[in-house]
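This report refers to the structure that appears directly beneath it.
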Amino acid sequence: MTRKNNYLYTLMAVAALAVVVAWAQTGLFGLLSPWDAYTVRIMNLCAINIGLGLALNLVNGFTGQFSLGHAGFMAIGAYTVALLAMSPAVKQMNFFMVPLIAPFDKIQISFWAGILWGGLLSAFFGFLIGAPVLRLRGDYLAIATLGFAEIIRVVIINVKGLTNGALGLKGIPVYTNLWWTTAYAGLTVLLMVRLIKSSYGRALKAIREDEIAAQAMGIDVFYHKMLAFVLAAFIAGVGGGLQASLIGSIDPAMYKLPLTFQILLMVVLGGMGSITGTVIAATIVTALMEILRFVESPLTLGAIHLPGIPGMRMVVFSLLLIVVTLFYSHGLMGDKEFSWDLLFSRRTKQGVTQ
Amino acid sequence: MLEIKDLHVHYGGIHALKGISLTVPEGKIVTLIGANGAGKSTTLRAICGLVKPTSGSIVFCGENLVGEKTTTIIKKGITMVPEGRRVFPDLTVHENLILGAYARQDHQAIEEDIKQVNTLFPRLLERRDQLAGTLSGGEQQMLAVGRALMSRPRLLMMDEPSLGLAPVLVQDIFQIIRRINNDGMTILLIEQNAKAALELADYGYVLETGSVALAGTGKDLLADDRVRKVYLGES
Amino acid sequence: MTATEFLQHLANGVSLGSLYALIAIGYTMVYGIIRLVNFAHGDLLMVAAYIAFYGILLFSLPWPLAFIVAVVLTTLIGVTIERVAYRPLRDAPRITVLISAIGVSFLLENLGLVVFGGRSKAFYVPPFFAAINHIGETAVPNLVWFIPLVTVALLLILMHLLYRTRIGMAMRAVARDLDTARLMAIDVDQVISFTFMVGSSLAAIGGLMWGLKFPQINPLMGAMPGLKCFIAAVVGGIGNIGGAVVGGFVLGVGEILLVAFFPELAGYRDAFAFILLILTLLIRPTGLLGERVAEKV
């Protein structure tokens, strides 16, 4: 398999994906989208979760720094996008308790600029938080990042003039569509692949394997950790913004630990340190999240009426996380990656044996 | 007393022991010498169940030890003075000794044995209620040996007892080993200080990268040309 | 603020602080022995509170009996959690165990939602605890002095256990050096189980007192106290029982006084613990009473 061929395959795959996206989003050549709005929404969530999962994997999996602060960065992205993209009229309706402070009450900028600001602001906070906490290791880092996410949330609840407090924001314009989310997921995958194959990626993995040895080899450990952390914060911020604009409303309670837990599940299930694994696991978990909705909704079978059981989905997911950690600690992919070579060589081998 | 046959141990991806066989006869001092990483410590750790062998057999007084828990093995009468002494620094000297007898229920006999250890090492009696972490290196080594004796072992294994001690203390330690052995204790000793160890030991095994390279009585090994060159630093 | 008011706040702070301390001790013991932030520890509070609640409601148990049953069952659950979710990972990287612990915590919380429902329930408060005493002009419910009393009593028992008994000695040995403890013929698994037993029963008692103090119980009630008490343990010096107590008091008194002196910051009360945590980790990572703990390799 030559490099050129691989390049071609990738290009073809991207083109195929673009066709599917176009078809699903708007219909193609008069053919209507084969999927209803609900399915398209799940596809959107899948794509967003792929990006979010990859960002967490960059820090937790590839760099070996266990962060639990993802939800905090998503919140920053979401609130930034909401505040920048909502029209002044909608803002006024939202902020009926405490008025929104200037200049945010008047401005409205384009969605893509809002997303960019969301990512940048989140990255900036990543930098501020990372500077002190990235010196910590293991479980201490986990608790400290969790603590920061919680602080961000508490601040959001309290700074009512900027965030509308616990009431949250409603009526966020829904700009997010499959083009946005697929591009987000695709660019994140591309970025991750390039990063991991670069000398940065090797440095990150060296830090994961043995921080002291990495330091001794001349790797600037802190700089690389910070790079991964800030980059992850940026991606998480953008993802949070896209998600806010998909759902249309946000409130501080959304950004608690369970949100980070969901993303963590994707990373662990896919394999800490595998891009392919996260992509697959994010898709599976997002889909499962919807499929399992039925266990939480009331069910009527003939004469038997079963009430819905809220929380059941998360029971399944927590069990899944425990089982995976206990028995398949490498996840679906371990740290292996998909490649065209792998795909085709396996096929040809099978062909030979058959 | 102890028979090891064709013992293999893997550490992660490393093949640390590649088929070691050795015998420790009752009442004797047997020493393992060899460079760092030759597999000496791994052998001892495998005997007391701290690492699981991949294959091979370890038989102690007719009983198989492979696959047994460390607790069980210690209760059968084997004990080890680990490398670097490893006394419990935030427990008192007395508590360290009591822990050595953790598996035993015969409280009176334990008191007796503590007295005996204190006769062997009078310094430990002086320091009875001091935290073990505050002892000097030599005292800690005494405590580690005393603690090991508290389980009333039949086989005492020692991993580098002279490591990090001043030369005068090293002599003391070797004298103590001799004394314990004279009282009837079987001893399996690992030493960097090959000369002293071979002079003391009845039998010696030279380990090289996970295999037994040479074996013989202490005297024979001391006289062996290769041993003299490589391990005794003579030309 | 008058002196009376201040005393009242202080009494509340001490009461809350000793409750934090009690829960923090469980964290610190488990961390000391297997270096694990037992995320599920806080959720045991909730489990204990619900068992007592249903014991009284469904089985009409007298409250002291319901409380005892709650402690016993919660302890069993705590030990089972270690056996099932942590022990198989004894040789795994620490982060793997941490993930398992996070999983267990979410499992307990969501099982709680499924089994008990999401709506808060009113916890039964025996009249004795609610009765108010007047010390001078300060009005103090019995519970306010009762909680510190329980904490001190349990602390004394714990100290006796740790420093005067065989198993306590073994626990201290295992906490320091697993392999050497094994060489002493100490059954490490058994000692760790025992540690979880002690820790979980303290969490259960903490949960019951939490229920008495804040008599609205819900399946997520353990999450925030859990995190805060872990923070208390870190602030005091993790792995150190005395440190957990000091950390608990610093956090409890600090929280109450913060709100008392700066009412406008009341909304930030939950952030106080985390800010304290981050300051501690940056300025004195070993905690107030902690010594340098070497990373286990």
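Should a chain be cited, it is by its letter among A, B and C, assigned in written order, with residues numbered from 1 in that chain.
Just so it is clear, a contact is a pair of C-beta atoms (placed from the backbone, for glycine too) under 8 Å apart; a residue touches a chain by one contact, two chains touch by 3 or more.
The shown structure was predicted, so the numbers you read here are calculated from the model rather than taken from an experiment.
**Q** Farthest from chain A by Cα centre, which chain is it? Let me know.
**A** Chain centre farthest from chain A's centre: B.
**Q** What chain is most central when centres are computed from CA atoms?
**A** Centre-most chain by C-alpha means: C.
**Q** Measure off the straight-line distance from the CA centroid of chain B to the CA centroid of chain C, and report it in whole Å.
**A** From the centre of chain B to the centre of chain C is 42 Å.
**Q** Measuring centre to centre with CA averages, how many angstrom lie between chain A and chain B?
**A** Averaging C-alpha atoms per chain gives centres 54 Å apart.
**Q** Compute the distance, rounded to whole Å, between the mean C-alpha positions of chain A and chain C.
**A** 33
**Q** Once bound in the complex, which stretches of chain B touch chain C?
**A** Residues of chain B touching chain C: 48-50, 69-71, 74-75, 79-80, 82, 86, 88-91, 95, 98-100, 102-103, 147, 151.
**Q** Help me check something: in the complex, which residues belonging to chain A touch chain C?
**A** 64, 66, 132-133, 135-140, 142-144, 146-148, 150-151, 154-155, 157-158, 257-258, 261, 264, 268, 309-312, 314-315, 317-319, 321-322, 325-326, 329
**Q** Taking the touch rule as given, give the residues of chain C at its contact with chain B in the complex, in rising order.
**A** Of all residues in chain C, those touching chain B are 166, 169-170, 172-173, 176-177, 179-187.
**Q** Which part of chain C faces chain A closely enough to touch in the complex?
**A** Those in contact with chain A are residues 35-37, 85, 88-89, 92, 94-96, 98-100, 102-104, 106-107, 109-114, 118, 219, 223, 227, 230-231, 234, 267-268, 270-271, 273-275, 277-278, 281-282, 285, 295.
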